[in-house]
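A, B, C and D are the chain letters, set down in written order, and residue numbers restart from 1 in every chain.
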Amino acid sequence: MSHKILAKDKLDAFLQGLCRDQDLFAPVMKDGKVGWAPVTTAAEALWEFSNSELSPKDFFFPQTECMMRFKNVQGDPQGMIMQAEPALNKPRVLLNIRPCDAKAFQVLDMIFVQDEMTNDLYWRDKREKTTLIGLACNDPCPTCFCTTVGSNPHGTTGLDVLLTDIGDKLVAESFTAKGEALLKELPEVTRQDLFQAGELKKAAEAKITSGVAVDKINAATVMELYDAPLWDRVMESCLNCGTCTFCCPTCHCFDIQDETQGEAGRRVRNWDYCMSWLFTMHGTGHNPRGTKKDRVRQRFMHKFKYIPVKRGGEIGCVGCGRCVQLCPVNIDVRKVVNDMNA
Amino acid sequence: MTTKARQQDPVGAVMVVGGGVAAIQASLDLADTGYLVYLVEKTPAIGGAMSQLDKTFPTNDCSMCILSPKLVECGRHPNIQILTQAEVQSIEGQAGDFRVKLKQQARYISLEKCIACGACAEKCPKKVDDEFNRGLNKRKAAYVKYPQAVPLKYTIDKDNCIYFQKGKCKACEKICPAGAVEFAQEDAQLELNVGAVIVAAGFRPYDPSPFAQYSYSRFANVVTALEFERILSASGPWMGHLVRPGDEKEPQKIAWLQCVGSRDINNCDHPYCSSVCCMYAIKEAVIAKEHSHGGLDATIFFMDMRTFGKDFERTYEGAKERGVRFVRSRVHSISELPDKSLRLEYATEEGEARTEDFDMVVLSQGLEVDPATAQLCQDLGVELASTQFVKSGSFSPVATSREGVYVCGALAGPKDIPLSVMEASAAACAAGGNLTAARGSLVSLPEITPQRDVKGESPQVGVFVCSCGINIAGVVDVKAVMDYAATLPGVAYVENNLFTCSQDTQDKMAQVIKDQGLNRIVVAACSPRTHEPLFQETLKAAGLNKYLFDLANIRNQDSWVHANEPEKATDKAKDLVRMAVAKASLLEPLSEAKLSILPKAMVIGGGLSGLNAALELTRQGFETHMVERDAQLGGNARLLRVTAQGEDVQAYLAELIAKAQAEPLLKLHLDTAIKEVSGFVGNFKTTLAGPAGEELIEHGAAVIATGAAERRPTEYLYGQDPRVMTHLELDAALLTGELTPQKVGGAVFIQCVGSREPERPYCSKVCCTHTVESAIHLKEHNPDCRVTVFYRDMRTFAERELLYKKARELGVLFVRYHLDSKPQVSLQDGRLLVTALDPILGREIELEADLLCLASAIVSHKDESLAQMFKVPLDQDGWFLEAHVKLRPVDFATDGVFMAGLAHYPKPIEEAIAQAQAAVSRAVTVLSKTEMWLSGTVAFIDPKKCVGCGVCWEICPYQAISPDEHGLAVANAALCKGCGTCVASCRSGAPNLKGFSNQDVMAQITAMLQG
Amino acid sequence: MEAIAQKIREAAKKLLSEGKVDVVIGYAKGSVPMREYPYFAYTPEEAENLTWSSFCCNNLALYTIRRPGRMAVVAQGCVSRNLVNLINENQIKRENLYVIGLNSPGMVDRRKVQALFPGKTITEVIEEPEHLLVKGQGFEERIERKKFLRSNCLTCVQRNPVISDELIGQAGPEGHGGNIDNVAAPWEKLIPAERWAEMQETFKDCIRCYACRDACPLCYCYVCFVDEAQPQWCAKSQDEADVMTFHLLRAFHCAGRCTDCGTCESACPQGIKMRRLTSKIEKDIRELYGYRPGMEIGAQPPMSLFKPNDPQDFIK
Amino acid sequence: MTEAQFEPRIAAFFCNWCTYGGADLAGVSRLQYPTNLRAIRIPCTGRMNPNFIMQAFRQGADGVWVSGCHPGDCHYIAGNLYARRRFTVFKNLLEYAGLEPGRLHFSWISSAEASKFQQTVIEVTDAVRALGPAQHLIKDIRKVA
């Protein structure tokens, strides 16, 4: 759509505009860690950083989310009523989101909002009310491998606006009507600026030296991959903890529980993780993924085989590298996928 | 029902005459050991005097509350036939085969049809004095004896019934919804064939009406102790509100006068001490103070405080601390003031005349034998003592002069409840022991109601809210609790009962469970500690697994303790019911493991008690191992001369030891210690360490009769002068002839040497009698001997009082001393001198003694290792602690272990022997069964969760958990006692405790806090 | 470090080639800096991958639990103590275990290193005898190793293995200069409200991934209380009460067992300092019952014991 | 809610043999005490999983009180002595984490100590009341998102 220029000394004014009727969030440095927080000025937000330690998926899919409340009293006028939780009351803007994370939301859209039956209103409500202003990665990390899984440090998928830092100013490109509206007041970009942004993109892509190959995975059958011998080694050191899952921008499994307190209660969904034996435990006592190996395999198979098979080749990984960074036993997804692809 | 028995075989039935607690206990023991019991009660319901008491000393347990489960157990026991309103007319035949003729009065209300709704009583126009409440209020001519009566069936009192007296009325017949009134009934003559008879007809409270100076019959506010019990009782005429009968005002000041009808040959021919009055007066005074709103002033006028039983002295001291005043004086007259208060005139100890006014006077009436009972005994050929109590020997304390006829309880001499219960078990033992050949011949196996399978059913909880008369309903809004319970999830049925524990309610509950298809039961009433088994029986009767039950304690822990906050108490009751319903809904049927019982016994201790227990066990056919750490048998009795009745102890002991040595079923292990005990009821494995090395004995039950020791005094020059000796030393010296009375010119006895002191705050019970008996011996053999006894209270309880009287008549001088001015003993030029303050003379006296006998305390062995090996407790003085002070005096909380003799508490020979017999009776309730069922409340371990870390089997106090071949924990239900320590120790959540599971407790927490 | 690593490799190769063990459990170099990972060498060739550095933070005792066959484990002090624990808790058999013991140099806390370079990416860390050479995009800095030790290593009292079948290198000195009694239970001096505030602050970032639990060689239950459904002791939400319940009860379950190996803190993706909590329990166990876990095979754990005169001032 | 009106909710856990008996005896003796506590009967303090204490606080108890047999009196020999160590460590932990001293109580009360029972109820209730409503560890689904 349009390309505009956002001078760094105009940032505060721009942010002020964003804040007017919306909640504005951006990555900030907190206790030595990059995390998301509400901001109102440019100084509060980070402009040079690799990425937030955890994915911002909880803006749309909170780790703990109340779905409804209920009261189980017959004969009480307030009883036997299930009360929906209020929708998001104010639109919001996520500023400086990385392209990989934005791409992840689009992957999740395919899962949360599929058709009339599979149409997660909790996810959808927040997605519809949120504007995503991306910040292109000029300095990808050694653990980044977005370019090998269909994303890009300067990727635009899922974004309303992409900002590219070209020094004392930012190139702002809009991709949606929402984005277009935001940039309306900004001056037009120059060709030089555009060129510079393009060069930065190339440089960033070049910095991504590691990656995964999935061609053989795509060619193999599910059962071939499932029965491949590599899993015995992959699972050895795995703790079956939830770190990879919880930091991952595309992991989206949840567990729904009713929490009651006397006669009242709430239905709540919490992140769940396929590494846990409890995840697949049946009420009968049978567990279809009874071993550590089953569970370790599931996560990789899901992202790199099951999703692609079901979603027209889309990979369930955006290459952000968080799991590589955080896994307590250094199970490196790149190595695992490349072994799968061997 | 008559059973013809062959000439040789005894009849396997026993008749128990009387319906009090002694009769009930004797009946239950006999019924549990395979005999058919006819329980013959004169009045329309069993329960006796204990049912009329408010509380029982020294624990102040609610009398009715602890008795009621026994009543119900008796009422529903398949081997007990209760014959009410029945009296024995004659007994013919001989031991093993008696024919008893009985007369049973017509009840005029059908036992089968009466539903105890009370409509007849409500309609009945005739009011008469209610004898249960000692005439303090009225009942009707159609009536039930008391609310918890067994059988809970109404009766028509013919003598007062208008129809019977005037020929018309029949109001009851018209109103009765069950058609139960049967005026056509006639008295019946019965003849029963039994092998033995136990007479347990009890006592009659002395009627002080003839006692002119106390004006009991003239002054409304002079009441007897039993009347006062009814006044205090929550089910009494004033529902437990402390008022005086004259004007129903709350008294502020009450006097108890002791020894009314006891120790008295002027006003009545009762030279004996009634044994129980001191303690009940203390109890009444303390309870009255608690009932009172304005800080009651309670005073007890006494002659000697006789608090000689286990924990009695502590109760006495406790009462002093609580402000009960004790005045040593006999009040000589009472006069009534215009406001109906009473003026007491008495002399103080110092001889000073005093006048003091009280709002109310309680006469601590003694116990006496009802002349009708005395007549019955004579008719039956049972000899009475001069006191009219049944005569029995010290060595056969429950045998009467007629073979095959036994006696127990207060009829055999005035005594308290535990001693009565103990004697009842002893009588059951003695009676049953003669009928061993016929054990089980007349009883049918208990009918087991098939258990309904509730698997897959949603909880259908029945909630029964008890009013407990007014005990609960007087504070808690029972109706509101009931209505609330109905709203709780899973509750299918709700009901309120006046007394949920009464037998008719229990029967009805069983019916309701069946009719309504209930599968979980909650009773909101009293404590599970007392009543859970009772209600569980009802569940069983209704075909429901007994573990599908919970009790909400809305009385002991609610209405009684929040009497002034009815609203909050009601809220609490609701919460407790909600918690119980939540737990009950989760409960699952539990199965009980079956245990085989090894019919062998072990008796530990070879003294008099142990020997008696062992010989009685072998007589009943059980192989018995006797373990004695000494090289010879006999224990303390080896040093005793005579009993209080003058019987020769040494001759008896020799005979007993000879019998023991000749008994083929008795294995003696002398000079042997117990090294290790494992196992459990029916299956103990005890390792003995004897001269021949270690030996493992397997046995089904054990009797601990390890005795006690005479304390070696450290005071009064003991050990420094040979003339100073203890009782046992004196007896031994007299036995050997080392000392002869003729050589004693001056003898001094000092009582309470080491007893009733802060360090040993109990009375050693036997020393006063021993002293008196020795004093008499000296005097009888040497009338010139000057005998002086320094004492604090003479505690010659019961018929021992006659010895005290005799000693005084023989000229023995009794001088009282205070704990803070003990006699002084000194040696001057080889003369042994005793100086003391004479409180009557008010000056110091000095006596020279050739013999100074110290009544030294009896001290426990404090045998902690034995206690630990058998998993039984000791009390703070080191005595073995019984399962229940009142009603399970020889049982331990640990199944299969029993006690007898001095190991329990100091006691005279006849009590020790009775206790030995009682312990046998209780042990035989186990040994006579081939199998028994264990509690379902046991731990189990989920093998899927167990990681085999070993914490549980390391800490299990019963070694009930061990690793299996995979290294995972497995719990043995037969060893598990259900403490749950393993459950709380496990990090993995593998063990759980049935009946107290994590889920159950969690449900209670949630229901408690989130209701 | 490299010399030690070489000796480990040699020992492993020997064990594997002689068939003395089926596997050697050690550490291998991670794919990211400062993150060595647990490695399982089954062949002498695989043993070449074994390493030893300042970043061997996982407690390898974890991997011996319920592992069949004969295994060798590279064990510094804390790991060996946890092996002793596991032997005492019947989880492994001594005879199936071959301990390649070595003195711990103290492991370096990668978060402390990272904190020197906020927002920057560290691409390489090179071990030098007393220093670490930290390299990143556009920076390089030599830092003193000792200053960046994990805090549990600073106060370590058992750097040498308590059991070993073979000692790599020399038995080294004990201690790193820190005194556990000075740092254990840091909130004891605070008032209750401050303590609670510290509690909230400490655990506010917890995402309940259970990496702390799953990395811990004490947490080998099949079913952790936090995963129980009947009854559900703790809901699965992020509510403060649920997070606190998890951490408090987990800490309690480690009472008398925790060797303060620090693997929980190392594993945590959020950098939570849960030792602030666990150190209190360990301190109590030390002070009240005189017990240090994992020091002796056959020692009775303090929570399955009692003494008649155990302190009970708090009981009315 | 003002302090004067505050009626704390106290979850009590009593062993069947001693303290529950003591509580029964307090009833028999008609010893009056505040109504705030609700008791759960457990066989032995050895059964007392410290987790139950946590659960009571989680569910909003303002105070928790655990009571059993005196050392040496345990019906199950030593359940209370194992429990004592657990209680020691757990209480220290909770209070270290910020639970106010005075919310969590332990006592040994025998089945004969009715008046000690009464006194302890009063003591526990007063202590908890003085602290006001519990603030920490409560899982209150009405208050959380």
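Quick note on the criterion: a contact is a pair of C-beta atoms (placed from the backbone, for glycine too) under 8 Å apart; a residue touches a chain by one contact, two chains touch by 3 or more.
The model shown is predicted, which means the values in this text are computed figures rather than measured ones.
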Comparing centres built from CA atoms, which chain ends up most distant from chain B?
A
Taking every chain's C-alpha mean, which one sits closest to the mean of all protein C-alpha atoms?
D
Chain B to chain D, mean C-alpha position gap in Å, rounds to 33
From the mean C-alpha coordinate of chain A to that of chain D, what's the distance rounded to whole Å?
47
Starting from the mean Cα coordinates of chain A and chain B, work out the distance between those two points in Å.
76
Tell me, which residues of chain C touch at least two other chains?
225, 233, 235, 237, 239, 303-304
For chain D, which residues are shared contacts with two or more other chains?
50, 55, 59, 78, 82, 86, 139-140
So which bits of chain A are touching at least two other chains?
64, 259-261
Show which residues of chain C lie in contact with chain D when the two form their complex.
185, 187-188, 192-199, 225, 233-235, 237, 239-242, 244-245, 248-249, 251-252, 255, 277, 280-281, 284-285, 288-289, 302-306, 308, 310-312, 314-316
Note: in the complex, chain B contacts chain D through residues 55, 59-62, 65, 287, 290-291, 527-530, 553, 555-558, 560-565, 568-569, 571-572, 575-576, 579, 868, 871, 873, 893, 937, 955, 957-958, 977-981, 983-985, 993, 996, 998, 1001-1002, 1004-1006, 1008-1010
Under the touch definition given earlier, write down the residues of chain D that touch chain A in their complex.
59, 139-142, 145
Can you tell me which positions in chain D touch chain B when the two form their complex?
9, 11, 16-17, 20-21, 23-33, 35, 38-44, 46-50, 52, 55-56, 59-61, 73-79, 82-83, 86, 112, 118
In the complex with chain B, residue positions of chain C that touch it
89-91, 220-223, 225, 228, 230-231, 233, 253, 300-301, 303-304
